[in-house]
Amino acid sequence: MFDKFREECGVFGVFGHREASRIAYLGLYALQHRGQESAGIVSSDGSGLHSETGMGHVADIFDQSRLEHLKGESAIGHTRYSTAGESASKNAQPLVVSCSQGDLGLCHNGNLINALQVRHQLEKAGSIFQSTTDSEVILHLIARSRQETIEDAIQEALSQLTGAYSLIFLTREKVIAVRDPRGFRPLNLGWLDGSPVLASETCAFDLIEARFDREVAPGEMLTLFKGGTRSRQISPPQSPSFCVFEHVYFSRPDSHIFGRSVYESRHLLGRTLAQEQPVEADIVVPVPDSGVAAAIGFSHESRIQFEFGLIRNHYVGRTFIEPKQSIRHFGVKIKLNPVAELIQGQRVVLVDDSIVRGTTSRKIVKMVRDAGALEVHVRISCPPTISPCFYGVDTPTKRELIASSHSVEEIRKYIKADSLGYLSHEGMLRSCGVEQGQGHFCSACYTGDYPVPFPQMSAVETA
Amino acid sequence: MFDKFREECGVFGVFGHREASRIAYLGLYALQHRGQESAGIVSSDGSGLHSETGMGHVADIFDQSRLEHLKGESAIGHTRYSTAGESASKNAQPLVVSCSQGDLGLCHNGNLINALQVRHQLEKAGSIFQSTTDSEVILHLIARSRQETIEDAIQEALSQLTGAYSLIFLTREKVIAVRDPRGFRPLNLGWLDGSPVLASETCAFDLIEARFDREVAPGEMLTLFKGGTRSRQISPPQSPSFCVFEHVYFSRPDSHIFGRSVYESRHLLGRTLAQEQPVEADIVVPVPDSGVAAAIGFSHESRIQFEFGLIRNHYVGRTFIEPKQSIRHFGVKIKLNPVAELIQGQRVVLVDDSIVRGTTSRKIVKMVRDAGALEVHVRISCPPTISPCFYGVDTPTKRELIASSHSVEEIRKYIKADSLGYLSHEGMLRSCGVEQGQGHFCSACYTGDYPVPFPQMSAVETA
Amino acid sequence: MFDKFREECGVFGVFGHREASRIAYLGLYALQHRGQESAGIVSSDGSGLHSETGMGHVADIFDQSRLEHLKGESAIGHTRYSTAGESASKNAQPLVVSCSQGDLGLCHNGNLINALQVRHQLEKAGSIFQSTTDSEVILHLIARSRQETIEDAIQEALSQLTGAYSLIFLTREKVIAVRDPRGFRPLNLGWLDGSPVLASETCAFDLIEARFDREVAPGEMLTLFKGGTRSRQISPPQSPSFCVFEHVYFSRPDSHIFGRSVYESRHLLGRTLAQEQPVEADIVVPVPDSGVAAAIGFSHESRIQFEFGLIRNHYVGRTFIEPKQSIRHFGVKIKLNPVAELIQGQRVVLVDDSIVRGTTSRKIVKMVRDAGALEVHVRISCPPTISPCFYGVDTPTKRELIASSHSVEEIRKYIKADSLGYLSHEGMLRSCGVEQGQGHFCSACYTGDYPVPFPQMSAVETA
Amino acid sequence: MFDKFREECGVFGVFGHREASRIAYLGLYALQHRGQESAGIVSSDGSGLHSETGMGHVADIFDQSRLEHLKGESAIGHTRYSTAGESASKNAQPLVVSCSQGDLGLCHNGNLINALQVRHQLEKAGSIFQSTTDSEVILHLIARSRQETIEDAIQEALSQLTGAYSLIFLTREKVIAVRDPRGFRPLNLGWLDGSPVLASETCAFDLIEARFDREVAPGEMLTLFKGGTRSRQISPPQSPSFCVFEHVYFSRPDSHIFGRSVYESRHLLGRTLAQEQPVEADIVVPVPDSGVAAAIGFSHESRIQFEFGLIRNHYVGRTFIEPKQSIRHFGVKIKLNPVAELIQGQRVVLVDDSIVRGTTSRKIVKMVRDAGALEVHVRISCPPTISPCFYGVDTPTKRELIASSHSVEEIRKYIKADSLGYLSHEGMLRSCGVEQGQGHFCSACYTGDYPVPFPQMSAVETA
C-alpha cells in the first residue's frame, strides 16, 4: 500500500539446540519486517528433514502442532516478500529437495545476477524447475557437482553464480551459512546456550537472548556441525558492497548491521540532513515508523521541536476493502492520520526515508496541509533514488522512479511541498560510518553504479 | 501480554448513506485499538436487519461478500475486548433481537452498575438471557416497556439503569445514540456527505473524511432518521464524569475526546510530570506506543534529549508459542527490544502511562539496565492506580493493583528503578484541561472516589 | 439438489455417563441424515452448561478440543436442516439460555402450530427473540412460568402450545425428554452402561451399543436424574398421529420407529405396490438410496429381476460449481448415473418414494430412457403428495406439489413415463403396520386431513 | 478405516474447450472414488500453465475463484490417495515444472517398477527431487532428453521405465496421453462438443455428457492439439495385463473399463460364485457399496432372496473421534449397521469382494451374528489375495495378507464364519470376459505371477 522499496527476505538458522524449531520460530518473529507474504521452517532430526511453510505472518502460519512436527536439533527459517499471484506458495522458502548430496534445505536472501542464464543452461542440460525463484538454481548446481563433500559442492556451485546472497543450508547433519564475496546482504553469527545461531539481523538474537558474536564475513562459508564450527573463505577478497539501504530503511533500528547500530546511522542521517538542508520551521514530524530516528536526529541538530504528528494504525491487514466512492488519498489514510492540533498553524518539516514514485509523498503532504500546516517542508534522509536494485530488493523499474527523470525542483512541485531537500550521497555514506571504515557500501540505487555487472536485467524473481 | 488496563469497546453508527456498511467497516478499522477480540456490524435496509459478527480483527472478519450481505443505508458497528473462553462468540456485539418494539440492534460501550440486580429481577419476571453481557439487560427493559415509541421505551429502560453507557441502537428506520447522564465514555457526532455518523473517537471520522460536529451530550438521546436528527435530554443535568484514562491511555492521540485533543493532553501530562518529578538524566525514552506523546512533553520541558530507545514489534499476533525453557522477561521481549547503543552508559528516564501490577515495569527496567543504562528513572504520566474501574474498563481487582497496597518507594524497590515519580492528581486534571473548564473527570481509579455508587461489585461482564 | 421433503432435525441425549459429549457426538453421527446444515452439543458438568455448535456436518464441526470443552456427564445434541441465509447460525440448536429456572439447553424436533401467535403475545409482554425458530417460544414460556420445578414449568409452557415436538432439555442436574400428545415425531429411550440415552432413531443406539428400551410415549415427560428416571403424563391420552413419512422416507432403514422396523415397512410398501400397480417389465431399479428397500420388495412380489441400475455418487458436497453451458438434467447427473448395460433394451420399473414437484422424476426418466430403456414405468411407494406438512417437515407450498393440482395421468405425461402408479393410502397404512395396531399415523401430506388444527399457516421456521 | 486395497489415482484431461477447467472439475468429481486425499487441476491458456491443488475432496478444494484462476482451453486433473504425513501436500498432482521442453504438467495413475533405480541414477547425474513420488522421475527423464519434440522426449523417457502408467501431460499447446505397453491401468478417450476428453473411467464422460470413443491403447501415445489428434505406438505390441481388480472392486459399476461394463463383470462374478460355492441359506446380503452387484448376481443364480441387510452411513468423514472406552468392532460400526429384523433367525450369505487382513471381515461376521443370524456364510467374489500389487494399488505387505499364509479353512475359523468360499481364478477371469477375448488380465495379487519383473521392491510411493 505504501510506496516503499521492499526487503525481500529474512533468514535464520540454529544448530544443536533441543528447541531448534521454536528458536527458529522466535527468530523469524523478530525478522517479520523483512518479509510478510510467506514464511517457513525446515528442521533436521539427523535422519531426515521436516518442513512447514505457509502464506502470511509467522504468527498465523505456525501453531503448536506444526512446531511439534518440526523435530530435531537443527533448523533454518525464512520470511519472504513474494510477488502476488499463483506462484506465491510454490516459491515459499526454505526450499527442500533430495539430490546426490542427500536431503537439502535452503534459505536465500539476495538476488543472483546471472540466474536466468544459468537456468537456461541447466534446463538445456536436463534440469526441471518447480519454482520461479533464482534460489532453485543454486540447488541444481549443487546437485550436479561431482564434489564429494557438501561444502565443496556448494563452493563449486557458487563459483558459477554472481550477485547477492546470504544463504543458510540445512543437511541432515549440518547447517552451512555462506555470504557472497561483496556481502551485499547482512548475515550474523551468535550463540545461544552454547549453540550457534545465524540471523539476518541481530534483533533476532536479542529476542532469543543469544549473544552476538560476529558477522559471517563476505565470501565466507561457515559450517555448523557436531564438532563445532568450521570456516573457509570460498572466494578471494573483494571490496565489500554492503547495502546502504539496510541502514537507511530496511533493518530494524534496534539491530546491528554491517558492524554498526542502525539507530545510530539513522540518527546521524537526520543530523546531517539538518546540516545540509536546513529550514526555518516550528516542528519536525516523522513519517512513521521508519522515519522516526532520522526525524529525532534532525530535531536535535536543528533545535526544531520534535512532534509525533502523524499517527499510524498498526492494525492494517493485508487486504482492505475500499469504499466504492473514493476517499481522498485513501491508500495513505488507512495507515496514517495527522494530529491536527499539533500541525494547525505550524511550519512543518516532514522527515521521510525515501520518495519512490512520489504518489504517496504527494498524498501525505496534502494530508498535512489539510490539517492546517502553514508550510510543509519535506526532508529525505538519503539521496534521490534513481536506479533499480538487482541485489535482492524489490524496486520499481527505472522509469517508475520519479527521481530518475525529474529534478528535485520538479519532484517538489509534484508532491506540492514548500521545499524539498535530499541528503547528499557523501552525507549518507558518512552518516553510515564510512569514515570510521565501517562501510564500503553499495549505493547503486542512488548512483546507478553497480558493483557487480549483470548480463541483462533478470526476469526471474528475487528471493 | 502487557500489563495494561484494557478498553472494552468502540462503537460506530451511520444513517442514510448508500455505502453504510462499508463506512461502518472503515469506522471500526479506526477504532480497532478499543477492542481486538471480536467485532460486528448490523445494517438495516428498511425492511429488516442484517448482521455479521466474528472473533478477531476487523480486517480478518469482513470480506467482500460479508459486507455485501450487510444491505441498506444505515448500520452500526462494534469492536470488543472480551474475556477468554466459551462465552466469547455469543457475547459479540452488536446484539440483534426482535421484540415488541420490532427488530433492534445494539452497540454498547461502558458498564452498567446495577445490571446484575436488574437481570435477576428480569429473570424472575420471565426473561431469558442468551449472553453474559450487561448489555442484554437494556434490550429486555426496552422490550418490556409499554411506551409506544422506541425512543420512549429506551428512555424508560435507561431510567432503571445506572452506570456508564455510550449506546447506539439500530431499528429498521432509525439510528439512536444515547450517552449516560455523566458521560463516562465518549461519543461523537459527525457528518459525511450529508449523512450523520457516530463514533467513539474522532479518528474514525478522519479516516472516512467525515466532519466532526459535536459530542453527543451526557444524558442526551439523539435520533437519526429520514427527517434529520432529533435530540432530547433523557435525564436531568448532572456533573460530568468523563473518564480521564481516555486521555491518559485509551484513545488514539489523533482523536478529540471530551472536546479536547488527546495528543495535547498527553503532551501536557509529560510536561507537567517533568515539572513535578524532575530528574538529572541523559535521555528520555518512551515505552511505546502509548507513552510517546508524554515522553516528548517531558523532553521539551526538561530539555533532556528524547530518544526512541525501545523498539516495538508490531507483528505480534494474538497467540504466541513460548519456548519451553524460559527466556528472561519473555512476555516483554516479544514486544519490546532496547536500542543498546542509545542506552549504553546513559542515565535514562523511562516514561510510561501506568503501572498496574508492576510485573511488566520490572521487566522493562531490567531490560533497559541490561542494555547498559547507568541509571533508570521511571516516570508515570498519571497518579498511582489504586482502585478498579466499574464503568467499562477491564481492570484487575484492587488486590492486584500494586499501588493499592504499596507506597511509591515500595513500588520503586519492586521494579528496581533508581527513582520513580508519578504525576499528581491535580497535575493530571490540569493537563487534561480542567482549568479551561474542559473536563469534569471521573478519576476513581486514582482516588477510589466513585461518582456513581454501586450496590455490589458486578459479576457480569462489561461491554 | 434433489426434490425431496426434508427432515428437519435429529435429537439425542445422555445422562450420567463419563463420556457424555463423545456419546452425544457419536449419536449425532448416526442421526446426520436427519439434518446436515448445522449441529451442536451442550453438556452439563453440574455447575454450568458448555456449548458448541457449528454449520455443516458433525464430522467437520467437532474436533478433539471442542469435545474436550464439553465437560460433564450429561449432554444433549441436535442435527438440523436450516433454511439458507443469514439466520442460519443463530438458529443452530441446542438453544442455551439462562432464566428464572436456571441454565437451560433445548433440542427440538417438530414444529409448533401456534408458535407465531404465542410469539406475538410474548413480544407484547416484553420478551425478546434472538432466533427465528419456533423453539425459542418454548423457552420463553418456561422462563415466565411461576411453577417451582423445571418439570412443572415445562408442563405449563407446553400446555399453551400445539403441534409436533420431540424435545430434550438439559439443566445442570437433569435431562428431560418430552413428546407431544400425538407423538408426531419419534423419540426413543435406551440404556448404555447403566446410563439412560435418548435418540430420534434407534440406529443411534446401535452405533454406541446402547440397548433400546422403549419409545418415550406420546404426552410423556421423562426426567433423567441422579435418582434414576421419573415419568409423568403431561396431557390426557389422544389418538396418536405418528408421521407415516418417517417409514416411507426419512428414517434410516436400520432404525426402529414407532415400534416397527423401517426396513420391514419399506419392504412391504414395495410388495403392496407390486400388488396394486403391477406391470410387465424386465428389471426393477431403485432410485437410491431411499428407494432400495421398496424396490427389493417390489421385485420379490412381482418376480421381476432387481438390478442396481442407477449409481449414486456419495462424494457430492454441499455446494457445486456448475458449468456455464448447461448439461442436460445436470442437477440429477451430479448424483445419479445409469448403468447403460443393464438398462439397454429393457423394460424398466423405477421405484421411488415420492414425487414432489415432478422435475427430478422427469429428469430421471429421461436419463433412463437415454440409457436405452425400451419402457420406463415409475412406481411410487406411497400415495400422491397433495398437502404441505406443518408438523416438522420442510415441504414446498401446496401450489408447488404437482399432485395437488394434477391427476396421476397428467403427472405421468409430465414426467414422460410409460406408466405411473402410486401406492394406495390404505396400502401404505397397512404396509406400515396399522393392522397390527402398530400405527395410528398422520398422513396429512397425502390427505390434507390435519390431526391438529392450526390457526393460520406458520411463518416462523420449523426446527 | 476399512480393510480394502486402495486405488491410488484418477486422471482426466480435456483439450480445446472454452470451459476446460470446469470440465476437468466435473471429471474429477466423477473420479473421486479413485483417490480422496488430494486433488488438483492445471490448465493452459496457450502462454502459460495455471495450477491449483489441495488436500481433501474435490468439492472442498475448488471454489469459483480457484476455477476462474485456471484459465485456458485445455486442462488436466488428478485425484489421489496419498499416504499420511508431511509429504502429502508436496506429492499432490498434477506436477508442474518448467524445463528444456518448456512448461509441463503431469498426471500419473500407476506405479513405476524401476523408479528407485532411475532416481538414484538421476540424482547421481545431478537431478534434484522435490517430492517422494515415482512420477517425478518421468519429468526428469523428459527434461534430460535431447529429442526435439515433446512427444519424442516422452517416448525416450518412457523407454527407460517399466511398470504401470496411464499418463496425461499438459504443455502450453498440447495434451498428451500415454498408456504403458501392457495397459495395467485404464485410460479412455471421449468427445465433448467436438473437443477430445480423457478419463480413467467412462463415468466421468457420463457426467459431462461426453461420448465415449475408445480406450487409449496399451503402448499408445495420443496427442491432442489444434490440428486434431495424432497417435503413435511407442512400444512394440505386448500381451495386455489389464488390472482385474478394477472390475472386481475399484471402478464404479456404471463405468466401462477395458472395453467392458463393470456392473456386468460384477454381476457375473456373483453368478459364477453362486455356481462354484453354493450354500443353503435364506437371504443374500451384500457388504455395501462395492459388494452389491455381485450379491445381486449371487441371488439371481442361487434363487436365494436378496436383501439390503447392512446399512452404510455415507456421512463418515476423514477423521473420527473415538470414544475412550472401546465399542466392540467400532471401526466397522461407524460405517455399517445391520437391519436386525431381516437377519434375525436367518441363514445369511454375506457377499464381499475381498478379504485383506481379515480383521474387518471378522467384525462384520460378528455384527451379523449378534443381529440374530442363525448361520453366516461368507462368499468372496474373487480368489484369495496372496501377493501385493506393484502396479499402482496400495496394498499391505505379503505378510499382512491373511491368505498369503493361511488356508481357506484357517481364514474361515479366524473370521468365525460358518462357511467361506472364494471364487476360482478361472471363474474370475471368465466373469470378467476373458472368453470373449475382452481381457488379458494381470491377476498377480491372486497368483504372485507378475507380468513385469521388478528389480527390487520399490520404496518410493506410488501415484
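Annotations for the structure displayed:
First chain written, first letter: the chains are A, B, C and D, and each begins at residue 1.
Following the convention adopted for this analysis, a residue touches a chain if its C-beta (ideal position, glycine included) is under 8 Å from a C-beta of that chain, and two chains touch if they have at least 3 such contacts.
This is a predicted model, so every value here is computed, not measured.
Taking the mean of C-alpha positions as each chain's centre, the chain lying farthest from the centre of chain C is A. Chain A and chain B have Cα centroids separated by 36 Å. With centres defined as mean CA coordinates, chain C is found 49 Å away from chain B.
For this pair, chain A with chain C, the centres built from the Cα atoms lie 61 Å apart. Residue positions of chain B in touch with at least two other chains are not found. Because contacts link each chain to exactly two others and close back on themselves, their graph is best described as a ring. Interfaces, counted as pairs of touching chains, are A-B, A-D, B-C, C-D. Those residues of chain A lying in contact with chain B across their complex are 19, 22-23, 25-26, 29-30, 32-33, 36, 57-60, 62-64, 67, 203, 206-209, 252-254, 261, 263-264, 289, 292-293, 296, 299-300, 305-308, 311, 313-321, 323-325, 327-328, 333-334, 337-342. Contacts from chain D toward chain A in the complex involve residues 50-51, 69, 86, 95-100, 104, 123-130, 139-140, 143-145.
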